[in-house]
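Quick notes on the structure that follows.
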Amino acid sequence: MKLSFNTWVYSSFPVWVPAYPLDEVIRRLARLGYDGIEIGAAAPHAYPDYLTAERRRDIKQLLDDNNLAVSSMLPAPGGGAGFNVASANPAERAAAIDMYKRVADLCAEWNSPTLLYVAGWQVFGTSRAQAWAWSRSALEEVADHAAGHNVTVCVEPTSADSNLIDSCDDTITLIEEAGRPNVAAMFDTFHTHYRNEVPTDYVYRLGDRLKHIHLSEADRNPPGTGSIDFVGLVQALRDVNFDGYLTMEIGFSRRAVDPDDMARQSITYLKSIL
Amino acid sequence: MKLSFNTWVYSSFPVWVPAYPLDEVIRRLARLGYDGIEIGAAAPHAYPDYLTAERRRDIKQLLDDNNLAVSSMLPAPGGGAGFNVASANPAERAAAIDMYKRVADLCAEWNSPTLLYVAGWQVFGTSRAQAWAWSRSALEEVADHAAGHNVTVCVEPTSADSNLIDSCDDTITLIEEAGRPNVAAMFDTFHTHYRNEVPTDYVYRLGDRLKHIHLSEADRNPPGTGSIDFVGLVQALRDVNFDGYLTMEIGFSRRAVDPDDMARQSITYLKSIL
Amino acid sequence: MKLSFNTWVYSSFPVWVPAYPLDEVIRRLARLGYDGIEIGAAAPHAYPDYLTAERRRDIKQLLDDNNLAVSSMLPAPGGGAGFNVASANPAERAAAIDMYKRVADLCAEWNSPTLLYVAGWQVFGTSRAQAWAWSRSALEEVADHAAGHNVTVCVEPTSADSNLIDSCDDTITLIEEAGRPNVAAMFDTFHTHYRNEVPTDYVYRLGDRLKHIHLSEADRNPPGTGSIDFVGLVQALRDVNFDGYLTMEIGFSRRAVDPDDMARQSITYLKSIL
Amino acid sequence: MKLSFNTWVYSSFPVWVPAYPLDEVIRRLARLGYDGIEIGAAAPHAYPDYLTAERRRDIKQLLDDNNLAVSSMLPAPGGGAGFNVASANPAERAAAIDMYKRVADLCAEWNSPTLLYVAGWQVFGTSRAQAWAWSRSALEEVADHAAGHNVTVCVEPTSADSNLIDSCDDTITLIEEAGRPNVAAMFDTFHTHYRNEVPTDYVYRLGDRLKHIHLSEADRNPPGTGSIDFVGLVQALRDVNFDGYLTMEIGFSRRAVDPDDMARQSITYLKSIL
């Protein structure tokens, strides 16, 4: 299985510092031995509005020079713009869908096979059924756009942060309702831990719908430093013939963090158990 | 002194839930007895892109109906867009300046006398001198735009979150360099606590430059529940004839929070010491 | 609003000791000033199999003598018998439905207007849709039986313990699907706290569907000893004209507990804020 | 010495989730390398009421196919039915005795040599002498039934949960009073730790009466993760020629647990010290 590392902890999202230019992050992750990088579409790295055509080409060149693949991409929900696909405000929903499409375009340009989909959240006053309908409709529109780029959209249950697609079965239901061949599933051990659920239950339940995975201990700590059973998780992933990236999404929830240390601890531990 | 409450904890910034429509927040804060509201320009409340002219008028009407003043406004830095006025990326700096101007326009429409200014942060690879220069230049451009609306721009030192304008004297230096009559200062007891500094030192040092203040205990808890000396702070504010709003900016750093409870605890405590 | 106290902490469910005969519990709660008692159908109190007709009459007499109403009743899920209405085993589902019916019969005999419904949980290998369908079917059968006794069945979201009916909207959906006039909702502040949700959101969202409520701090501690905003909750209940019982369901999760102390602390605090 | 693993953590007793079908548990424990399984008579695994004759045969076949022995069985005390053999309610005592007999029948069918006996607890209002007499009488009746199946009944002191048979000597006294050849002893390091007692003291004091043992750290954590001296315990067991199963009874007291991880950690540690 290949290893990837998410860029949030090196970016200004959601905490502002420390922050590094994307060039620096690409070189550092490659040097640490990662196969892939998961690029979040946030400043100062890859907010679509701020990327000129030249800059996009330069980044692609730098990735190639460092032999680092883009495993996946995702927008940054929750800033001023919200980008809640289940918002009661139609302008916010439209902006969110547009953001997903633009990140899908970046996926195409940088050869990322995967776009992650955060399905939004219920604001007080909106029913779950209505929020779900808006989220599903947005997913369908995003997936159809991504299909043109051969990009798979992976729905992520985000129980720790949201209140709409919380569980493994919520994810499956949404995928089945969308009914698109390029809509699949992912999950994050941080969120299964938040729900006090067993990660391997997700692996076996999702089966071949599972195309991506985030690894994290509680508190967004590196795999191997906490209580989550990654040995069992790797076994279960092999049982279902998972061939995606094991992607660390860690460290970004606080300022007091050394990103390189997070990346180094993770890869050292995972290589020891793979 | 008048009391105001910041809307982050009721919004999707920075954590996504709980989130309430702005109408609900206005009614609740008014019922709890607040004089003012500090409106953050974040979804689902007041992200400028999502507000139609009709919606802006409706909010103004609702504020008036509930006898609730807008004490102040501020953008939401750190989402995907970053809005770092000290970013090395000129597109991000331009977007940040534009965002401040649009929030200044909202201040004008909703009679907010005050716009808060977060002065940005240094990204790895940018010198402090360069970051400072960009931040100062942005401040001047924002202030000149705000001046046309009779809006005062208050520079806030944000040591806990950033690395550029950290201290009382950084703030004074930036204000003096800007040299605009509508540029003033504010500070937040959360940030002075982070630096192990004494809040009243800021009051006496800033003097009549001080036009706004944020009250918070450590961990963004309500005033009166922690270790900060708000009795002494109120005395110091009286000593310098402060006549702005005491504004709670609390609770927003985590999901596990009851916003109304935060607002009730704060006003109950502050009325007991004023 | 009337006050009631749940009997688990005085029973052998789920922890075995301390345990008291039901007669003792009735006398103690009445003496402490409670209006009602919520009787769990567990040994040594009210497991239906163990109650003779004479014993049932004696308990009714004792309740009347002590001027203590039965606010509500509920079975004990999760022992050897499970009583999971969403179990894949048809014998377990049938036993669970039968248990609910027998507790409904006890409600009738002891004048309890309310029967609580724990909607079961997903076992590995059962899809959520299937578990939901079984739970809904069981609810309908239980409700129809209870209707003959003029007993209302209140669905409780139990996020901390289960994985099927977790949220406010899950509850509403299940109620609406059942479509019976004697099916309503309740919630427990212990479970909303587990989900990091705001109790008053449940009150306003459930509105006149809300017929019962459990009060508890985190860790099943008495109201007023923790962080939950019961002042705000009582205000919200008044806003929606709630006229049911405020029922403490506390202390039962551990052996190291003094049940009378739990009951006394709760009533003292609640009378101080009502 | 052979290693076995108790099923509670995979069942709905006492916490409802996570829960797995017994088939799944048998396959997983066998794959992890266990010699035996201790099957608790709780849903969804082996509540006697819910097991058809066909299902019993299928489970036997699955055990044989996976080369997994049943080391032992036990009922689940403390649910709604209580199953307290020392209850003041004769119906509850009769139900408890009947449950033990039915689990003994399952032992016979699945070749389990051992049935565990939880000796009940004193409810307020019952004297210890009376509770003891009821418990002893029940034990005699259960043992005589089990004798017909060549099943040994092992009395377990459960100090952490009960208040009747708390100590090593309570256990010996009860066994001697029963005076049946198929009544023996067991103990659990979780309970000796609760009483601040030394596990090897139990081994030497019980001697050849000791036929079964439960291994657990404090908080029902896996052996090897806490403070208990399992190296010394294994030596003592060898000293007394113990030839039963070392059985893990762990993890079941809470929801936040990964059962496979518990099972894997335990067997890895125990194989390292045996």
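First chain written, first letter: the chains are A, B, C and D, and each begins at residue 1.
Note that contacts are C-beta pairs under 8 Å (C-beta built on N, C-alpha and C of every residue); 3 or more make two chains touch, one makes a residue touch a chain.
Quantities reported herein were computed from a predicted structural model and do not represent experimental measurements.
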{"item": "Centroid comparison with subunit C (C-alpha atoms), farthest chain", "value": "B"}
{"item": "Approximate Å spacing (C-alpha centroids) for the pair subunit C, subunit D", "value": "31"}
{"item": "Geometric centre distance via CA averages, subunit D-subunit B, whole Å", "value": "61"}
{"item": "Whole-Å gap between the CA centroids of subunit A and subunit D", "value": "45"}
{"item": "In subunit C, residues with contacts to at least two other chains", "value": "122, 124, 163, 197, 201"}
{"item": "Pairwise touch network: line, ring, star, complete, or other", "value": "other"}
{"item": "Touching pairs among all chains present in the structure", "value": "A-B, A-C, A-D, B-C, C-D"}
{"item": "Residues of subunit A that touch subunit C when the two form their complex", "value": "122, 124, 127-129, 163, 166-167, 169-170, 172-173, 195, 197, 201, 204-205"}
{"item": "Interface residues, subunit B side, partner subunit C - complex", "value": "18, 255-261, 264"}
{"item": "Of all residues in subunit D, those that touch subunit C in their complex", "value": "12-21, 24, 40-44, 47, 49-50, 52, 75-84, 87-89, 91-92, 95, 99, 121-125, 160-163, 255"}
{"item": "Residues on subunit A engaged by subunit D in the complex (per definition of touch)", "value": "196-201, 228-229, 231-232"}
